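Remarks on the structure that follows.
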Amino acid sequence: MKRRVAALAVLAVLLLLLPGFAGPYALSVATLILYFAYTGQAWNVMMGFAGQLSLGHSLYVGVGAYAAGALFFHYGIGPWAGLWVAILLCVLLGVAIGFLAFRFGISGVYFALLTIAFAEFTRIGFDHFNWIGGPGGMFLRVAQRDAWDLANFRGPPLMYYYAMLALTAGAFALCFFLLKSRPGYYWQAIRENEEAAQALGINTFRWKMLAVAISAALTAVSGVFFAFYYNNLFPEQIFHISRSIEIILGPVIGGVGTLFGPILGAALLTLLSDGITEAVAALGWEIPGIKQVFYGLVLLLVIMFLPHGIWPPLARRLGLHKR
Amino acid sequence: MKRRQFNKALAAAGAAAAVSPFGILHAQAQKLRVGVLLPRSGYLGFIGQSCQKGADLAPEVIKGMLGVDIELMNADTESSVDTARTRAERLIQEGAHVLVGAFDSGQSAAIAQVAEQRGVPYIVNVAAAPQITEQGYKFVFRNFQTAVDIVRNGLALIGELFQATNSVPRSAVFMHVNDTFGQAMAKGIGAFMPRLTQLPFKIVDTITYDPAAKDLTVELSKAKSANADFLLLVCRLNDAILLRREMVKQRWNPMGIVSPGSPGMYEEQYFKTLGKLSEYSISNVPWYNPNAPLTRTVEKAFLKRNPKEKLVFHGLNVGFTFEAILVAADAFKRAKSTEPKTLADAIRQTNITSKMTLGGPIKFNEKGQVEGIGSACVQNLDLIPKVVLPANAAEAKPVFPAPYYKKA
Amino acid sequence: MALGLSVIFGVVRVVNFAHGEMMTIAMYAASVLFAALGLDPFAAMLPIAAAFFVFGYVLQAGLINPFITRPEHSQFMLLVAVAIIMVNAMLMIFGPDARNVQVDYQLESFQIGSLLIDKARLYAAAAAVVAAAALFGFFRFTLTGKAIRACADNYLGAKVVGLDVKRLYALTFGLGAVCVAVAGCAMVLLVEVTPSLGPAYTLLAFVIVIVGGLGSMGGALLGGVLIGVSEALAGLFIAPSAKSMFSFGLLILVLLLRPQGLLGKRS
């Protein structure tokens, strides 16, 4: 236990001090890593904890982003207020989907397909939703970004980095406590054998819904961040299934259901992606598409040989695992 | 073990890259380093690679024109906003003095933010969303029409077209893709049409369609049933091909297919796939001036590097990408420095009259936008797109209505 | 194409997210054969289908087999990785330009009264029906076909009885791949091939398969027709650009109310 706390502390210090010795490029990559780590962690709550495979998580990112973005764009309402609207909307959506799915007994692959259908449905719907700009996209007004304007969430990249770091740390802590508490144990039971859990008298419906709601809420915040970081939103891009896939890559490679898995996965994948791009450029192979082939190959290898993700075996090696 | 080592190695590489010195040389610099950000893979791969051809020939041509040395730093945005942003940061860190790109409005907007924040000038080659130059940026410039301009020019050219061919079509059916571009065009048409009273036609029906649709049978039959004189179309390449084929299968032969401003019908694939069917389609788009001396120079360089291709199929992409780099080089020559702020100021003073694309001189207004870029009415004749209007840049006379026209 | 997915999912229970990409490869193959040998895509169907059978078999036996017992998200990731590799390999080999096939009858239509029927589409539909009938016959009347159905119905039972499940799964995947090949050859007459064509078709195939019913041959056909018609109607009466929305809405309804699809069996 002591080792784990120590390792965590070292990591935390490193991350806090990162901007001191990292250039702007590394900082932007680090922010991206944290973004995927956070969003992956949010997804992990639903999948790793409660065992519900959501392949349409871009839905929550998009709705969250558009909710906060639209309020800012049309009414000048700042992101802190918009955040709550975003969370509320996403929780309602998640709960609705969860309710429909669980009441009708949809699970496994069918649940996954249901989530995809909802995300696609929303994508095309937003493409026709002119109040938020339709397919032309929504461009948020960008102010000069030298000063830290927390109220409107505008500032230099440093601010975004720390904001994302705070979010990721917060999610990590939240998940840690959740796992140790009652919901955590119920989720484990449901994940391992839902029927047995039900037989034991656990209200599986309620706990599954809780996981979905928490996951949706966390992901909504991710969407709000996205809106104010990139300042332009297009339904075609933000609700796209490729974004949903991006979100789950981190946790799956890192280790579904583990606390540290999503973070490790996001870090490795982003570094891998950038690393391959650099390596390919250094070798002078400027063929478009070659980088993605390598990327796909690595994914394939990891999936084949490390089915539970990279973190569990790594943790064992480092002596950081539970037992 | 392997994972840890791999991870460590990557982390080390990352750290090394991060702390490496910026390498921005101030004043007395010999070379201008231009970061070129284009989507060379992903769904925009085809267009990105086309633009890249314009970038690749730039250093040689510009050396001949201005005596200035340019070093290109190419990056692939992979048609993704995330990658566009990090690649832009990377290029700046590696010492790019100016950025150029990125074709897509979303990616361009992301790069613009990075450029503005880092104080590095960024010249947009092709991207029509008006908002990019409406943010009050000091380091972002665009030498391309906004969607609003494209529509206005496109509609005006339609009027000219009918005048030049003495035709008076009374009705049009308007079909457009439901994406960024199509939507902007639809809005523009809605705004400008009522004001352009000299246009003889009315739009009798509007049909929107999904750009990813692989089957447009229903859409086209709707269009056909509107019984309009001609088809006003805002499209992309694949759907343009689908629609043209569908028109044959459904035996609809209107006076013509006219685009007030969209890609698709002048692209090489359209001709290759449709053969003779591609004839007479008309697109009103920003284009290069076939008679300009610079065009000939660029064409020579293009053919040297791409002997199997024709410039005319890449004209728009190559022309504007080349000009973006030209603007950078021209500013560098005047500023005699690669210091970003100096470069930006120099770019603001740009006044290039001898250029390749149609329209007035390259001069940026206070928003960083060039006004007065011209459009051409381009018609597919003899299996290549030819400029038919304006008359002073024309290579052929416009044909309207098309010979295949059959009154319904 | 949906047929192939139905067969694969219905029997092997693996969600083939690389399905659309496989069809894209088939389309490229057809266009290459056409360019090189002037072979009409319908004629090219046979050799390409044969090649795809081997391809599918090898893919399943080599790569996918170990994943049958693994959780769904692992399977999904595996096929996503495969799809990424396929798409970008195609980009590298063929470049981003679209390719196509030009045949005489491509743009012709039959005219029956005031009804115009597209020749190419009609032939494609015929090919689909023939393929479905062939598969149906195979599963009903041959020993191997029955064996495969046994595996689908009861994995353990099949093993107990002594069926070589691994080989049968690989066979099934091969058959699914054959369907994909047939679809690809027909498709190339209607649509241009680009490397990124795949994902939209994978999704479409899923919608059709779910609506029509898993593991049911007739279901896949029915689903295809149903989705096609409903999209057309939606296009006609609501905005055409929203017609896919309608399909997904239909998918949601079916998943909720009748997850086994219209003609499927409750598993």
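Going in written order, the chains are labelled A, B and C, and every chain counts its residues from 1.
The working rule: a contact is a pair of C-beta atoms (placed from the backbone, for glycine too) under 8 Å apart; a residue touches a chain by one contact, two chains touch by 3 or more.
Predicted model only: the values in this text are computed from it and were never measured.
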Applying the touch definition from the top, give me the chains sitting in contact with each of chain A and chain C. B
Name the chain pair with more contacting C-beta pairs, choosing from A-B and B-C. A-B
What is the distance, in whole Å, between the centres of chain A and chain C, each centre taken as the mean of its C-alpha atoms? 31
Any idea how many Å lie between the Cα centroids of chain B and chain C? 37
Note: chain A residues in touch with at least two other chains are 124, 127-128, 288-289, 292
When you check chain B against every other chain, which residues touch at least two of them? 41, 45, 49, 178, 210
Would you give the residues of chain C that are in contact with at least 2 other chains, written as numbers and ranges? 88, 91, 96, 195, 239, 241-242, 244
Within their complex, state which residues of chain B touch chain C. 41-43, 45-46, 49, 177-178, 207-210, 212-215, 217-219, 222, 237-238, 241-242, 245, 248-251, 268-269, 272-273, 275, 277
Chain A contacts chain C in the complex at 47, 53, 55, 100-101, 104, 106, 108-110, 112-114, 116-118, 120-121, 124-125, 127-128, 241-242, 245, 248-249, 252-253, 256, 287-290, 292-293, 295-297, 299-300, 303-304, 307
So, in the complex, the side of chain C touching chain A is made of residues 15, 63, 66, 70-74, 76-78, 80-85, 87-89, 91-92, 96, 195, 199, 203, 206-207, 210, 239, 241-242, 244-245, 248-249, 251-252, 255-257, 259
With touch defined as at the start, can you tell me which chain C residues reach chain B in the complex? 88, 91, 95-98, 100, 102, 106-109, 116, 118, 190-192, 194-196, 200, 231-232, 235-236, 239-244
Sites on chain A touched by chain B in the complex: 21-29, 32, 124, 127-128, 134-137, 139, 141-142, 144-145, 156-157, 230-232, 234, 236-237, 268, 271-272, 274-275, 277-278, 286, 288-289, 291-292, 310, 314, 317
